[in-house]
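Heads up, there are several structures right after this.
Note that subunit A is present in both complexes that follow, paired respectively with subunit B and with subunit C.
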Partner chain A sequence: MTILGNDILRKEAWNKVDGTAKYNIDEDVKSILHAKMLTSTYAHAEILSVDVTEALKEEGVKSILTGKDCNLLFGDFIDDRPSLATDRVRYYGEPVALVVADCEQTAHRAVNMIRVDYRKLPAVNSVSDALKEGAPLIHENLMSYNLKSKYVYPQRNSNIFHVVKIRKGDMNAGWNKSKVVVEGSFRLPQADHAAMEVRNARAEILSDGTVIINTSTQAPFNIKENLSKYFKIDEGKIVVHTPLVGGAFGGKAAVYLEILAYLASRSVGGRPVKVSDSREEDICSAPCKMGLEAKIKLGADDSGIIKAAEMTFLIDGGAYSTISCRLAKAIAVDCSGPYNIDNLQCDCLGVYTNHTYSTSFRGFSHAEHAFCMERMMDKLALKLGLDPLEIRSRNAVSTGHSSPTQVKITRSNTGDLTACIEKLKTIIDWDEGNKIELGNGKVRTKGVGCFWKTSDSPTDAASGVLLTFNSDGSININCGVVEIGSGSKTVLAQIIAERLKMPLSKINVSMNVNTQTSPLHWKTVASMSTYMAGNAALRAADDLIMQLKTAGASIIKCSTEALDVADMRVYLKEDPAIYVHFRDIVHGIKDTNGNATQGHIFGRGSYIMSRLTELAQETGTGKAGSSWTLGAQAVEIEFDRTDYTYRFVRAAAVIDMGRTLNPKTAKGLIMGGMNMGLGLGSREEFLYGEDGVMKSTSFRTYKMMRYGENPEYIVDFVETPDLSAPFGARGMAEHGIIGIPGALGNAISLAVDTDIDMLPSTPEYIWNKVRSLK
Partner chain B sequence: MIPFKFEYYKPDTLKEAFDLYDYIKGQGKTPLYYGGGSEIITMSRANNLHMDAVIDLKGIPECCRIEMLDNKLIIGSAVTLSQISESGLFPLLGQTAARIADHTVQCRLTIGGNICGTIIYKETLLPLMICESRAVIYGKNGKREVQINQIFDKKLRLMPGEILSEIITDSNYLSFPYVHVKKTKSDKIAYPLLTVAAIKKDNNIKIAFSGLENHPFRSREIESFINGENMSDDDKINRIIGFQQSKVLDDAEGSSCYRTFVLKNTLENTLKMLEKVK
Partner chain C sequence: MIKISDTSIIELDVNGEKRKVVAEPSDTLLYTLRTELNLTGAKPGCENGDCGACTVIVDGWSVKSCIVLTVEMIGHKITTIEGLKNAPIQKAFVEKWGFQCGFCTSGFIMVCHALAEQHPEADEYVTEEWLQSNLCRCTSYQEIKEAVTSILHP
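Right after this comes the complex of A and B.
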C-alpha cells in the first residue's frame, strides 16, 4: 500500500478552491438577530454608569445587555473574566455592552448611542511595571477567585496569577564548572492571530431548552462543558456545531463569543442571534498572542557544554488569565530548549497587565521562549568562538538525558536533533559561511534556531473516532477534530485506509463537528490531532477488522485467524480467491431466501493521554506531554548596513517528523508556520500608547507578511519514529514557527555585530540599537 | 458596514454635481464628493466620518479622462491610481501611484481622492508639485485653472462645494529625468516614512517630500540648498537636515529621529541617482 508518505490532496481541497466550502461566518440564517459589542475606550477605568436609554429607543433594537445582566466570572484555570465588564474595564477593547437588534446596522447605530461614564485609572502597561512595588492591582479580588485547578498559584497582593518553578540539579556545582557565562534580557510584544475568518458565533435556545451554538472554534466540546457548568444547563441540552474553520492558530481555542451569543439569545427569548467580531474587535477585543519579558544566564565549559542555566520569564497575560497559566507551564517544561542542561533553575510567572488578554498562539509560547534561548546559544557560541550549529550539536538533548521536569529522554520520545542539524547544514549551504560581504554596505547572513516542543495537554486529554459503513462498503469517519486548515482529517482518512488496506477514495470524512453526535475530542490544539485522533482511529479500524473477520468467518466457514482484510474484502489468507466483499456483510448478512443475520458493522476507537502528571510546585518535576517534536531551522537575509533594511533570501527547516504521513501537506504547514515566524520576527506587534490604549487596531497599522515578501522556503525531514504515535508520526502543525524568530534575530545580530534581543526587528529598532552602542 | 443611512447621487456634469452639493448643503445636510470611496467607507464604518449624502463624480466625463491634448497631459480627478500607472503617460506619477497601498486598492483609489482626502501623505501630489502641474477647479463661476503649488498649502484650498475636476501637466515635464524613493517602516506596502520625488530640469533639481511632515510639501529652501553651487553633497544634506529637523513627524510609523536618519540616507541616494540620470 502506498497511502502513507504520499502527497495526498486534502479531502476538502476542491471545495475550498472553488468557494463552495462553508465556514461558520458564511451561513445566512433567516430572521436571525444581530448582536454588536460596545467596547472600552480606556485600558483601565472604573465604570461609573452605562446609559442605554437612548439606544433602547432605536427602532429594531431588541435588547441591550450590560455587565449587570450576568454576574458570572469565566476562566480556564482562574475564574476572573466577566462576559461584559461590570464595575471596571481592564483593557482597551473590552466588551462593555451588547446590543441585540434586527439587523447589524441597527445594532451598530444603537451601540453608538450608549453613553458610558468612566473614571480613568492608571494603566499597567508592561509586565515589569506590573511587578513594581505599588503597581495598581488589576484584580483586587484575585485571592477570592474560584480556582479551577489546585495546581494554579496566584500571589497575594500582586499582579501575579501563576508561578511555575523548575529546580533541577545543583546550581552551585553548575556555576563552578562554568568557564564562561553569558547573560541576556529579552522583550517580545503581544501579537494577533489574524485568521481570515474573524471570530463569530450564533446561539439559539429552543423551547425545550436545547441550546444550539454554531461557532468557529477549536474547542466545541469545551464550549459545551463550559456553558453547562457556568449556566447550569444539562450538558445534553447543549449542542455545538463547528464546520470548517477559516484559520485559528490558537486564537479560537478560548471560549469567548459563544458566551455572549448565548446571553444575547437568552435576552430575546431564545431567538437565534449572531455575534461576529469586526476585524478591529478581532484584533483588540478578542484574546491575542502573549507578550514576554525574559532574563537568561547560561554557564558553559570551554567546549561549550552548558553547565548551568538560570532563567526568568514574565508572561504578559493581559487583563485576564485564561490559558496563560498553561502558557507559563509550557515555557517551564521546555525551558532548556532541545539541549541537555543538568543544572537548571527557571521561574515562569503569569502576570496581569492592562493589555488585551492572551491566549494560545501557534507554538504555544515556544516561539517566544525559543527566540530568547536561541539568541543565548549564539551569544555563547560567539563568546567561545564556536560555530553556532556546532555548539547546538554538542548540547543536543539525547538518550540518557533528562528534561527540565526530569522526564527521561529516549530516542522515541524526542527524536534526533543532531541529524536535523546535519541535514540543515546541507540544505542551507552552511559550509559557504554564515556571513558573506556583498559590497555596497550589503551583507548576507544566516542565523539558526533549534526547537523542541511537547504537547502540554491536560493529563486526561481524550479523543475518539467512530466509523460507519455505507452499503457499498465505503467508510465514514466521525470524530471531534475540527478542520482548522491543517488537513488533519485527511490524515485520519489515510490512517484508516492504511490499516484497512483499502482505497483512500472510499474513506469519507465528516468535516463538521457536532458535539451531540461526534465522539469527544479534547480540543483541536497542540498539534495533537494526528497523535490522539490517529491513535483512536487505529483502534476503531482494528475494531472494524475484528467484526469484519467475524462476519467473514461465518460465510467463508473458517476461523477469524485464517482471514485478513484488504481491498474492501475479507479473504482467506491461504487462498485470497476465496473472499467476501464488504458490501455483502457491513449492513448485515442476508441469505438468498431473505433471512438476515448480524447487524450493521461500525467501529469505535478511543484514546486518552496516559502517564502524564501535573508538575510539582517547588521543583517542576512531572510529565507534561507524551513526547517532543524537535528540529533545526535557519533564516538567510540580505542586510543593507546603510539603511538597516533587510530582505529574506531563504528560510529552511529540518524537522524530525517521526514519520511523514502526507509530505506536501506537512511542508505547507511548516512553511506557513515559518512565514508567521518571519512576521513576528520582523514586524508584527501590538502597539500600546502610554495610557495602554492599543494603537494597532487594524491592518493599516498592524503589519503582516505580504505575499511576495517571503523567502524561498526549504523544508526537509528526519524520521525517528515515536513508538507511541500512529505509524510513528510526531505532531508538527505548529512547529514551523518556533525556531524562526530566533534564527532571524541571530542573522540580524550577525549582520550588525550587535545583540538584537527584542522583537520585532524593524529597521528603526536595529538602527537605534546599533546607534545606542556607538 | 456603514451604520448610518445616506443618499447617493451620480450626476453627469460638473454643474449638476456642484448644484447638488449646494442644494443638499442648503437643506442643512452634509454632502461629500465621492471618488473611489475607500476613505469614506473605511472611516464611516469606524465611526470617524458621517455624511448625509455622497455625490459620485465617476459619471462626469471630465473627471474620468486621462489623455494627451495639445502637449498637455490631462488627468481627471476620478481616474484611479492603477489607470495612471498602467497608462504609462506620466512615468514618475505612475511609479508614485504604484507604491500607494496595494494593487487591489490602487484599482479603487482615485488621484482626486488621494489629494483631497484626509490621508496626510497624499503622495501623488509630489510629482504634480515638482512638474508645476495645474488643477482645474469647478466652482460658482465655472472652471478655473490654478497652479497646484499655489492652491495646495498643507491641503487643497477649495471653497465649499468646489470640485477638483482635472489635473494638467505640460508634456515637456513628463520626460525629464526623475527619481522616486519610498521608504517604509518594514513592509513594501505601507504608509511612507518618507517618499521623495525629484526631477532634473536643465540641471536644476526640483524635489518634494511626503511623510516628513503631516502634509506633503515642496520647499524653496530645500531646493536652494540642493541646487547650491560649489557645495558638496554632504554639505547640502547637512543644511537640509538642519533646516528640516525640528519639523519632522514623530508617530508609530517612525520616530522623528529615525525619520531624519532615513531622510539623510535617502537624500544621499537621491542625489547620487540624480547625478547619474541624464
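Right after this comes the complex of A and C.
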C-alpha cells in the first residue's frame, strides 16, 4: 500500500472518541492555585484607582496583581501592550487585575470585591473614526514604544501603527488602458476564533529558577523566547509543554495568558498557578479576528483584463498591535488576489481602535481581503456582461506574471487556477446557470470566489525533526509541531514511512511538545507545518537511511551504494534475500561475544525558509512566502425574497494542493474552513455598542454555524506540484475559508440584484440594504 | 427529600460504579466529574449550556453537565464518554473523520449515543433537533452527519 495519497486515520483518533485524549485544560493538579482576571467594564477609560483591600481579606486569597506589579509592555512588532492595564484601559474586557487564590470559587469572589475607579474617555469605535481629524489618540506614546522590527512604521500623532505600501507598474498608463472602471467600499467586523478549548495556561517556578509553563498554544517556542526576553530569564530555564490543543485557528498563536500565569506564580513564590479564560473572556479579553474597511477601484479593458487597481485597506487592530502589522503585510502581498495586475497601488494601514485587539485568524487576513476583491470581480463581470468565472480565468495568474510585491510567478510557486476553475464549473453545475427562479418568491443563485495565499512567515522561520529508534526497529518522531486538530503529526508519520518504505504502524508520534527536548518549530501557523516540518522530516529520514546503510554495509560486507532500505530492513539491491533487520543495528551492533559497536542510530533533519525578504518600504517589493496555494470556490443558496432569509444548498472548493498526502484529512480541513467561512459570511460578528462595549460575549449572542445548517460540501483537488515542498504538497489547512465569504456575498448580491458589500450578510442587513435603494 | 446545605460527601452512580464525591451544593456535575473523579472526557466549552462539549448521559438522556448540579444527580445513572465501550457511534466518528481537534467530540458522541437509544429510527429532522445542541468549530458537520446517519440507518 502506498502511504501517501491515502486516507490515513489520525494517529490519535481512537483516543479522541473515548475521553482519553488529554488537553491542557484537563490536567488538574489538586494543590494548584487558581488565578482569575478582573476585566475592564469600559472600552476606553482612565484608571483612577484600583482598591484591592477588601479582596485581599478574603480567606484563601494568596495575592492580587495589578498593572503596577509588572510595568513591561509586550508585543510582536511594537511593544505596546501591558499584561494588566496600568493607567488606562483601551478595550472592554481588558485585564485590569489578577487574583490568585486557593480555588476558582474564592478567586471569583475576590475579583468581585476589587473596586476600580474609572474616568470614562471617548471610545474610538471604528477604523474610520480612528482616522478622523481630532480622534482621541489611543496610544499617545506610540512613537516612544520599542519597535521589535525596523520594518514597522507607526505614524506620529495618529492611531496608525503600521503602513504597508505596494507600488507596481504605472498607474496612469493603467487607467488610460482601462475602458471600464468599478469601485467598491467594504466593511467587515471583528469576529471570534471560538476554539472549543478556551485559552488556558499553568505556570510554576522551581527552586532552581526553572519556569515551567503548560499551555494550550500554537507557539510554545515563541512563548519561551518571549518570557526569556521580557523577564530576563535564561531560555534554557524555561520549559513550555503543550499537549493536544482543542482548536486554535490562529487564536492561540499569540502570547497571552502565559504571561499572566508566570506573573501569578512569581507572586506566590513559584507555586503552580492555573489561569483560564471563561468563555466570555475568551471572546472579549483574548485577541480576536481583525475587522476591515476597504476601498477598491478596478479598471479593465473591454475583454475584462484588469489594467489598473487602486486599493486601501484599514485593519481594525483593536487596542494593541500584536500581529496586526503582519496581517497588514499579508493583505498587501496578495492584494491582487490570484489575478495578474500590472499596474497596482495598495495602501494597507494597521489602525488602533478601542476594540478587542486583533491577532491571526484562519486565512491570515485573506478571507477578509478576498471578500472585497471577489465582490469587485463580480462587479466588473456585471458591468462588462461577462460570466463571473470567465473573467476570473482571463485574469488568472500564470507563468511570466509577477505578484504585487513583484515576485516572479511560476507554475511551481502558484499552481493552476484555470484548471481549478474548470473543475469547479463541473462540480457545481455552473452551466445550468447561476440564477434560477424557483417560484414563490424563491431564487437559487450561485456565487464564486477565487483565492491565493502565501505564508507570510518570518524570513528565518525554521523547523526540525528528530527520529529515534525503539529496539524493535520502530521509530519515534519528535518535532515541535503542535497537534491543533489538523492532523499534521500523522502526515509527518506518513512522510517518514514513505521515505523509509516501512509500515506506518511502526512510526510513533509524540502528540506533546516540550520546548526543552523538541527541536524548534517556529509556530504551528500559516498552514506551514507539513511544508516546513515535512521538509525537515525528509532530511531526518535521509539521515537515518545513510546511517542504516553504513551499519548494514559493515555486516553485509559491501559498499553502502549496494544497499537499499525497505520494510525495516537494509538489503542488498542485487539480492534482497541478503539483509539485516533494523532491530539488529539501530541500538548498536553486537557480535556473538556481546561486543557492541556503532552505537544508537538517530536521525536529524532541519529546515529553514530560504530566499524570503522583507518588503521595501515605498514599493513593497520583496518576497513574503515560499509559494502560494490557490483555488476556486462556489456557494449556492436558496434565497427567499419574501423575508430575506436564505438557506445554504451547496458549497464547493477546488484547490491546487500540489500533492494530496491524506485526502480525507485534507477534505475535512477544507470543509471545516468553508463552514467557518459561511459562519463569517452569514452571522458571526463582534457587536459593539456606541460606547465600544462588546455585546456579543457568549455563544448565545455570538452565533455560529450549527449542525444541519451547513450545505452539502463538495471538495476536489488539482495537483500542480510545488517543487520546494515535501512530495510537492502545498499548505492547505486554512485555505478552505478564504473564498467563501466572497462567494456567499456574490450569491446574495445576485439574488437581490443589489451590492452586498458588508459582512455578515444577515437577513436584516440585506433587507435594509435593498430597502435603502428603493 | 434530601436536603444538602453544605459541603457533603454524596454517592454518585457513574459509569456503573458507585463513587463517593465531596460536593458543595453549588457544584455543577461537570465540575465534580472533572475535579473529583478525574473524568475529563466531558469538557468545559462555555459553562453556559450553549456548546454541549460537557454532555453526558443521565438515565438514558443527554444532559449538559455544566448546567446541572451535582447534588441533583443523587440516585441517577450517569454515563460519561469514559463509560462508553465500543459503542457503534465511537467507531463511526473515527471512520467518518467526525472530528479534528477532538475537544467537542465527547459531547457530540454522547448526544448521538443517547439519540440512538431514545430514537433508533430518528429521521433527519429529529437528528438535527438533537444535534443542534452542540457546537463543533473544526469540522463542517457533514462528517458528523455521516457518522450519526451510519449508526441510525446503517
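Couple of notes before you dig in:
Rule of thumb we're sticking to: the second predicted complex is superposed on the first by the 773 of 774 C-alpha atoms of A that agree within 3 Å, B and C clash if a C-alpha of one lies under 4 Å from a C-alpha of the other, contacts with A are read in each partner's own complex, and residues count from 1 in each chain.
Basically, a contact is a pair of C-beta atoms (placed from the backbone, for glycine too) under 8 Å apart; a residue touches a chain by one contact, two chains touch by 3 or more.
Everything quoted here is computed from the prediction, not taken from an experiment.
When the shared chain is aligned, no partner comes close enough to touch A:His600: not subunit B, not subunit C.
Ranked by how many residues of subunit A each touches, subunit B and subunit C are led by C.
Looking at the shared chain after the overlay, A:Ala21 reaches subunit C, while subunit B stays out of its contact range. Touch criterion met: A:Arg706 reaches subunit B and subunit C at once. Of the two partner chains, neither subunit B nor subunit C is touched by A:Lys408.
Shared-chain residue A:Lys57: touches no atom of subunit B or subunit C.
When the two structures are aligned on the shared chain, A:Gly487 is found in touch with subunit C, with no touch to subunit B. Contacts of A:Pro763 after superposition on the shared chain: subunit B is touched, whereas subunit C is not.
By the touch criterion defined above, A:Met671 lies against subunit C but remains apart from subunit B after alignment on the C-alpha atoms of chain A. By the document's definition of touching, of the two partners only subunit C reaches A:Val245; subunit B does not. Residue overlap on subunit A between the subunit B contacts of one complex and the subunit C contacts of the other covers 105, 278, 700, 704-706, 708-709. Touching subunit A in their complex are the following residues of subunit C: 26, 34-35, 38-48, 50-51, 53, 80-82, 84, 90-91, 93-94, 97, 99-106, 109, 124, 127-128, 131-132, 134-145.
Residues 1-4, 45-47, 102, 183, 185-191, 252, 254-255, 258, 261-262, 265 of subunit B are the ones that touch subunit A when the two sit in their complex. Those residues of subunit A that touch subunit C in the complex are listed here as 7, 9, 12-23, 25-26, 28, 105, 193-198, 244-249, 278-279, 484-487, 664-665, 668-669, 671-672, 674-676, 698-700, 704-710, 712-713.
Residues 104-105, 108-109, 112, 278, 280, 642-643, 682-683, 687, 695-696, 700-701, 703-706, 708-709, 760, 762-764, 767-768 of subunit A touch subunit B in their complex.
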